[in-house]
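Look at the two complexes coming up: subunit A is in both, with subunit B in one and subunit C in the other.
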Partner chain A sequence: MNNINPDTNQEFCVIGKRIPKLDAAQKAMGRAEYIQDIRLPGMLYGKILYSKFAHARIVKIDISRAKALSGVHAVLIGEDVPDKMRMGFYKDNPPIKKGKVCSFRDEVAAVAATTPEIAKKALGLIEIEYEELPAIFDPEKAMEKDAPIIHEMHKSNVLNLPWHLDYGDVEKAEKASAFVVEERFTTQWVTHCCLGTSGAIALFDAKSNLTIHTNTQIPSLAQKDFLESLKAMGLKNKRVRVIKPIIGGGFGSKLDTYAYEHIAILLAHAVRKPVKILFDRAEEFKATSTRQPTVIYIKQGCDKTGKLTFRDMRMVLDNGAYTSWGATTPSVMMMPITSLYRVDNVRYDAKCVYTNNTYAQAMRGYGNPQATFAIESTLDMLAEKAGIDRVEIRRINKNHPGDTTPQGFKITSCGLSECIDAVQKQIPMDGPKEKGIGTGIASLIHVGGGARIYKSDGCGAILKMDDYGKVDIFTGGTDMGQGLDNITAQIVAEELGLFVEDINVVHSDTDVCPWDVGAHASRSTFVAGNAALGAAKKVKETLLAYGSKLLNVLPEDLVLRKRMIFSAKDPEKTMPIDKLLRKAHFSPQGKMLMADFFYDPDNENMGKDFKGNLSVTYAFGAHGVRVHVDEETGKVKVLDYVAAHDVGRAINPLLLEGQVYGGVVMGLGYALTEEVILKDGETMNANFRDYKLFTAKDAIRIKAPVVETYDEFGPFGAKGIGEPGCVPTAPAIANAVYDAVGVRITDLPITPEKVLAALKKKKG
Partner chain B sequence: MKAFKYLIPESVEAAISFYQAHSETARYMAGGTDVIVKVKEGWMEPDYLISLKKIQEMAELHKNEATGELSIGALVTHATLEKSLMIRNDYPILYDAVSNIGSLQVRNMGTIGGNLINAVPSADGAIPLIALDGVALLHGPEGERSCKVIDLFIAPYQTILKPGEILKKITIPPQAPLTGSGYTKFGRRAAMELPLIGIGVLLTLDEESETCTKARICLGVAAPTPMRAQGAEAFLVGKKITEAVLIQAGNLAADESRVRDSIRGTAWHRREMIRVHVRRMGLRCLALIKEGR
Partner chain C sequence: MTTPISFILNGDELFHEVKDHWTLLHLLREEMGLIGTKEGCGNGECGACTVIVDGLAVNACLYLAVDLDGKRLETIEGLAGSDGTLHPIQQSFVDEGGIQCGFCSPGMIMSSKALLDQNPTAGHEDIKHALAGNICRCTGYVQILESVEAARDRLSEQAGGRNE
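Take a look at the complex of A and B:
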C-alpha cells in the first residue's frame, strides 16, 4: 500500500495505520455507558402498550385501574397526544394511536411509574375494547380496488410518492436487444439486531426546555423532530438538547425518531420528572423498523457482444401501516438501477403500499441490497442466455472513471475493474466443477462522497488546542460503534503532526457540537472527515505562522510531525508543538488556537427527473463466493468469501476490514437465514432463537482486499465504506447456488426448504 | 424478574425435604439454563429455587468396566460429556448430540438431567439416551424408582416426575460389540440452534452374518415428545444393512413421524430430513462398526 502523504511527500504517521478502536478497551471492560446504564435522579420508567390487533377500531379504553395503581405517575392514551404530533416524513404516524390501530406495533397507551415492574403491571390493568377490522398483509393485494383502506384520509393504499424514472428509450432498446431476461424477485423483512436495545430518557428543565438522552444517528435532525413535537405540545421557542450515550449499533435503525422517544417526551412533560423508556429484546424486534421488503419485477437485455442495452424495473414495496424512511429507499435503489454497470436505457417505477404489517426504515445499504439482488441475479441469467462468461459480462459493462451515468452521477475514481480482478484471483470462477460446489460473483456501486438527500449534506467541526499540545474536536459526526472517533482523531493527528492519543473527539451533545445531517449513506468518514480536516488545516496554518516567526523559517518549509515542528530544510530549527502553543498563548496579545469548519460536499440534490450528482464520489466493489449446496437437504454452506472494495484510501485498515466483515456477515444473514416472520401482521420470532442471526460459529473467514484509488475529494483520498459490505452478498450467494446445482432462488432468504423444493421441481 | 430464595442442599434427601417444606412454590434447578430464562421471562415464578449443584453423587460420570454399564449423573454437564474421550469413542451418538448444544457457555452450565426434565420436543440430549436404552433413576419423597428414558416424557414440558422427585442419574446398559451410532441435529445455524429435526440412529450387527440384530431410530421434534420410529427399527432387524435398506428405513421413519409445520420449518422438509439423515446416520453406524472391527 502506498502510504506517502502526497502533500508532504513523507510517509504518513497516523493515516493508514491499524489503530484499534479508541474505546475498545472501555467497552470490553464494561465501562462504556450505554443508555441502559444511565440513571438520573428522580427518574421514572415508561412502558408502552401495543395493539392486540393488526387492524381494529378502538371502541373504549379504561385507564382508571392503571392510574390507581400505587407508583404510577401518568397514563397517556392517543387522546392525550396533540393532533399535530406526528412522526415520519409522511406525517401519518402519531406516537400514540387514537380511534383505530393499523398494526400490531401500534402504541395505544403509555405509563410512567417509579419502577419498570410497576409500569409493566399498570399496562396489564389498561382495558381496551377493540372492534376488529378486515386487514390486509399483501402489498400487491392492497393495491386492488376493493382492498380495505388503511388510512381513511387517503383514498387508496398506494402512497403519493414520485418514484419513477425513464431514461433513454427502454422499449426501443428492448426490441433491439439480442438477449433479454425477465424475472420476479422478492425480499423479506430483516432487522438491524443492534446489541444495544433502543432507549431514551427525556427531561424538562424549569423553563420547559427539553434534554433527551437517546440512541440516535441523527442528532441534529432528531433535535428538529423533537422541536416540532414541543411546538405541537404548545411549547414554543423552547430549546432541545440531544445527548447521545455510547450507541450499541446503528445500521440505519436510528435514522428516524421513534414513538418511544416522543412518548418519553410526553410522559416527562406530564410528570415533570425524567422518564426513561428502554426496550427489551422482544420489543426491539417488534417495535423497531425493518429493512424495506420488496417485490421486484426486472427485465434486462444485452446485444450480441454482451453489452447491456436496457434495464427495466418495477417494484411494489410493502410500506406497512406507517411511513418512515423505508418508503424513500427507491431513491437509493435508483443508484444501482441506473448506474451499476454502463446501461443507457433505464426505467424504474416503485409503488409504496400501505398494509397492516410493520413499517420499514433505513438499514445499511438503504435499498441497494434489494435492487442489487435483482440486477446481479438477472445479469448471470443474461450471461448464460447470451453464452458469455459471467465475469466477462461484468468486465464488458463495468463503469469507468470519468463516466457520467444516465442519472447524472459523475464517476471520479472507479476501481471496479481492480475489484473484479481481486475476486477472481482469490476465487477463480472458471475452475473445474465439483459436485455441489459453485461460485458466484456480484458487484456494487454505492455513494462514497456523501449523499445529498437533505437540503444540506454538511457537517461542522470545531477544533481547539490547549497548552500541552492536546486537541479537542467537537464534531457533528456520530460514532455509533463504526469508529468515526478513530477516523476523526487520525485525520486531525496526521494534519497537526500529533498522535491519536492527543486528540479528544466530542460527538455526543447538540449543545456543544455543530450541525450534521446524520450518520447515514456511508458519509461520515468522507464528510465528517473532511470537516475535521478543514478545521485542522485552519489551525495548522496558524501554527505554521507562529512557528515561522519563532524559528525564523518560511511557513512552507515547516513540517509538523511527531509532536514537533521543524524546518524541512534545516531540521536543527525545531521546537515541540506544545511549547509553540504556550509561546502563542503566554505572550502579549496572546492567542489560543481554535478553528471551526463546515464542510458541505459539492454534490447535488436529485431533480424532479431524479437526475443529479448525488455524491461527490462513488464506492465500488465486487464480491465472490464459493458455496457447497447439499442437494439432499437444500442447505447452503459458504466455503469462501472475498469482498473487494474500492475505498479511495484506507485511513484505518483495521476498522475498514471490520466494516467489511460485519457488512458481509450481515449480508450473509440476509441471503441465507434472517427473516422477521410476520403471520397476519404479527411478529412470530421476536427473539434470537428464532431470528436466525449468524453466530460466530457461522461466520466464515472473509478476505477483504482493498483497492485504493485515492479519490481527489476524499480526506486523504478516502471514500465511504460503511454500507457496501452487505450490498452484493445475496446475489453473489444466489449466483453461486445456481452455479452449484442449477436452481435460481428468487426469494430471500435462501433457505434449505426453498433450495430443496426448487431442486425437486427441477428433477420433476 | 420476580425475587426468589436460593437454597443449596448437599444431598438428595436434603433437597427433597427443602422441596417438601415449600412444595407449591419451589423448583429444582441444575445449570439453570432453562430455569433462569423462564424466571426472567415471568413464565415461572418460584419463591424458592433449590439448586442441586452441590449434590456430589449426582455429578458423577462413571463406566463400570466389569459390567460395561455407564452411569451418568443428572448433573453432568454437556461440556463434561463432550470432553470425555470415553463418551466420544464409545457413545458417538451422545457426543454428537451434546457437542452441538447451544454454545460453549450453555454447555458449561447446562446438565443432561435438566435437558431431560425440561422435556421439550427438541431436547438434543434425550435422543441419544433413548437410542442407548437409557434408564432414568428417580428419587422422590416416596423413595426410588426407575423408568426407561423414553417413558419420562408425557407432553411438551411435562414428565412423569411427581412433585419433589429428582432425577438422580441415567444408566446405559452395556453396548454389544459391533455397535455404531450417530446423531444429526438439522438446523439453520452452526450454533445456538434448536434442531428443526433431530435424528439419532444406533445399529448393532451380528458378528457372523452382518445382519442387524438391534436398531434404534430416534427422532426429536418429530412428535410432541421424543419418539422412536419402531416400524423402521423392526424393518431393519434381521436384514443385511445396505444403503438401499437404509433408504427404506428412512422412508418408514419419515412416515411414522408426526412432524408439523411451524415458523421454524415445514413438515414436508422435516420429513425429507428424516429420510436423508436416517440413511446418512445408518451409513455412519456401518462405517464406525467397520472402523472398530
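Take a look at the complex of A and C:
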C-alpha cells in the first residue's frame, strides 16, 4: 500500500489509517438514538392493518368499533387517502388501498392511539368483508393471455418499461462461436434484515409544515416524496424537514419511501399530534421490500481460444403487486451483462411482471448479484466445454484500463487482473482434488464513481471552521453504519492538516444539510467524499492566502499539517492553524472561514439505447472460495474465502474490510441459506428462526486483499466499495460446488435439499 | 396485577412496581428509559436485548420483569467507568471495527461480557458459540470475533498486571 500523498509527496496523516468509526463509542455505550428510542411529547402510536388475501375486493369495511375504543384518536381507510397520493416511480401504490387488495402486504386501514397496545387492539376491531379474486404468483404465468389482470387500469400484467438492449450482432456471433452454453437460472426473494426495524415519527407544526423523523437513505428524495404527499393532501407550498436518527442498517432497504411513512403523515395530520409507527420483526419481514427475484435465460459463447464472442440474456422479473426500485434493477444488471469481461455482442431483455406477491426494492448490489450469478456460472460451464482452465478464461477476457465497453462505459482504473492474481494466490484453483472439496472463482464489475440514474448524481457539502481550529461539515451524504462520517472527516482532516477529532460531521437533517441523491450505488465515498474534498479545498485556499500574508511566504510553499501551517522551504515560518483562524476573524473586515461545494460527477445518464458512461469509474473484484460438500447430507461448508477488491485507494482499511466482510456474508446467505418463503403470496417465515441468516457460529475467516489502483477522479484515488462484496459470492459458491461434486445448482439458494436432489439425478 | 420487586441494576439497588406481564425489556426501555438495550425481534431470536442476570446472558425480551426480584442485573449502561472510560470489551469493539450500524452492539457486548466473565481464556470456538444467539447483519461477524478476542487479551493483560 502506497501511503504517499501525490500532491505533497509527503506521507498521509489521516488517509489510509485504520481510524475507528466516529460514532462507535456512543454505540458501544448504548447511547446512540435510533428511531426506536425517540419519543416526542404528546406522541401517539400508529399501527397498520394488512390484507388477509393475496387478491380480493373489499366489499365492506366497518371501523365504528375501532373508532369507539377509548384512546383511539384516528382510524383511516383507503377512502381517506387522496387519490394522487401514490408511492413509487410507477405511481401504482397508494399508502392505504381502496376497493381492492393485490397482495398480503396491502395496507387496508391504520390507527393512531395513545399506546401501541390500544392501537393494536383497535386493528382487531376493524371489520372487513372481502370477496376473493383469482390470484397469480408465477411471473411467467402472469404473462400468459388468460392470466388474471392485477391492475385493471393496465391491460396486461407486463409493466411498460424499456429494458432492452442489443449491441453488435448476437446471432451472427453465436453462429461463429466455437463453443456455446445455455442455461436457465432462478433467484429468490431475500430481504435486508436490518437489525433496527423500520419506523417513522411525523408531526405538523401550527402552520402545517411537516417534520418527519425517519430511517432513510435518501433524505432529499424522501423530502420530495413527502412534499408530493402534502400537495396531494391539499397542503401546498409547505415545508418538509426530514430528520434521520441513527440508522440500524440500510443495505438499500431505505431507498424508497414506504406506506408506513406516508401513513404516519396522514395520521399526524388527522390528529395534529406526533404519530410514531414502528414495525415489529414480523412486519419488517412481511411489509418491507425484498431483493428483486429473477428468472434468467442466458447464452454465452466463445471462440476456439476462449475469447468471449457474445452474451445473450433474457429475464422475467416478478414485480409483485406494486412497483418500487426492484423494477429498475435491470438498469444495473446491464452493467455486468455488457461490461463484465470484454464481450462485443450483447443482447438483453427484461420484463417486469405484476403478480400477487410482495414487491421488491433496492438491495445491496441492485440486480448485479442476480446477473453475475448467471454470467459467472455459465462462464465456468463455457470454460469446461472449451477445455480451458476456469481462471485462464477469466484472464483471457478480463477488462483493461482504457477500455470502452459496448454500453459506453469508460474504464479508467481497473484492477481486475490483480484481483484474480490475489485470489489465485490465496486459493489455488488448479491443485490436486480431494473428495468433496471444490474451489470456485467469480469476478465483478460495479459502479465505483457514482451512478447517474437520477437527473442529478450530486452531493452538497457546507464546511465551516471556528476560532479553535475545529470544523463542522454538513454533508448531504448518509451514514447508515457503513462509515461515511469517517470518510468525510478523514478527507477533510487530511486536506486541512487537521486530525479526525477536529472534524464534526453533520448529516442528519434536511434543514441544515445540502441536497444529495442518496446513499446508493456505492457512491458515497466517491461523491460525498469529493463534495467534502471540494469544500475543504476552497477553505484551504483561503487559509493559505491568510497564511501567506501573515508568514510572508508564497501560498504554494505553504503546508497544512498536524494543526500547523508552515513553509515547506523554511519550516521556521510557522503558526498553529487555530491562531491563524483567530487572526483572520478578529481583524478589521474580519472573516470566518466557510465554504460550500456541490459535486456532481461527470457521468452520463444512459440514453434510449442504454449507452452512456453511467459512472466516472468502475469497481472491480474477484472472489475465490473453497468448499466442502457433504454428499450424504448435501450441506455446503465454506472452508476458505478470499474477496479481492480494486478500491482505488483505501481511505480507511478498517472500515473497508468491514464493508467487504459484511458484503461477503450477506452474499453467502444469498448463496446458501436465505429465502423469504412465499406460499400463494403469503410470507411463511417472518422471523429469524425460519429465515436463515448466518450467525457467529457460521462465521468464516475471510481474507480481503485490497488492490489499489488510485483512480484519477476519486477523492485521494478512492472508489466505492459498499456493494461489491456481495456481488460475485453466489456464483463463486455455485462454481465451487460444481468443482466439488459435479452438480450445477441453478436455483438460489443452494440448499442441502437441492444439492442432494441434483446428486441423485446425476447418479441416475 | 403489579408486584413490587427489588434488584441491583449496574451496582445500584432499586425498587420497582412491575406489572406481571411486563418483560424485562419493557421495564428497561419503556418504564426506566434505559434505551441502550435494543429490541430487534421481541422473540428471543436476535440477541439485541441481551443483558446479564446473575452472571448469565439472557434475552430481556423473554425474561419477565417480576423474575428479576432479588437478582443482580447488568446492562450496557453499566459497563463504562464513571469517568466515561469504556470497558475493555467496548473499547475493543470500537478499535477492531466490531460496530457498524451499532444496533446489535449492546447485545453483542453483553454476550461477550457474560462469556469473558465466566471464561477469561475463551478461544475462537467458545466465542462463536457464545455469540451464536446475537445476529449482526453488517459485519459478517469477522471483526466482532476479532473484537472479542482483543477484549479477552486486553482483560487478561489487565488481570495479569494486577497480579504482578
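One rule holds in what follows: the second predicted complex is superposed on the first by the 764 of 764 C-alpha atoms of A that agree within 3 Å, B and C clash if a C-alpha of one lies under 4 Å from a C-alpha of the other, contacts with A are read in each partner's own complex, and residues count from 1 in each chain.
We take it that a contact is a pair of C-beta atoms (placed from the backbone, for glycine too) under 8 Å apart; a residue touches a chain by one contact, two chains touch by 3 or more.
In this text the structure is predicted, and so the values were computed from the model without any measurement.
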- Item | Partner chain in contact with A:D37 - subunit B first, subunit C second, else both or neither | second
- prompt: Of the partners subunit B and subunit C, which touch A:I677 in the superposed model: first, second, both, neither?
  reply: first
Q.
By the touch definition at the top of the document, which applies to A:T633: first (subunit B), second (subunit C), both, or neither?
A. first
So, A:A545: does it touch subunit B (first), subunit C (second), both, or neither? neither
Inset, instruction - Kindly classify A:F688 by the partners it touches after superposition: subunit B alone (first), subunit C alone (second), both, or neither? - result: both
Per residue count on subunit A, the busier partner among subunit B and subunit C is C
Looking at A:K697 after the superposition, I want to know if it touches subunit B, subunit C, both of them or none. Which is it: first, second, both, neither?
both
Touch test for A:P752: subunit B only (first), subunit C only (second), both, or neither?
first
Practice problem: Please work out whether A:D23 is in contact with subunit B alone, subunit C alone, both, or neither, and reply first, second, both or neither. | Solution: second
The shared contact residues of subunit A with subunit B and subunit C are 688-689, 694-697
The answer for subunit B against subunit A in the complex is residues 103, 186, 188-192, 194, 263-266, 269, 272-273, 276
Note: in the complex, subunit C contacts subunit A through residues 34-43, 45-46, 48, 75-77, 79-80, 86, 90-91, 93-97, 99-106, 109, 127-129, 131-145
Per the touch rule, the subunit A residues reaching subunit C in their complex are 18, 20-21, 23-34, 36-37, 192-197, 246-251, 280-281, 480-483, 654-655, 657-658, 661-666, 687-689, 693-697, 699, 701-702
Contacts from subunit A onto subunit B in the complex sit at residues 632-634, 672-673, 677, 679, 684-685, 688-690, 692, 694-698, 751-753, 756
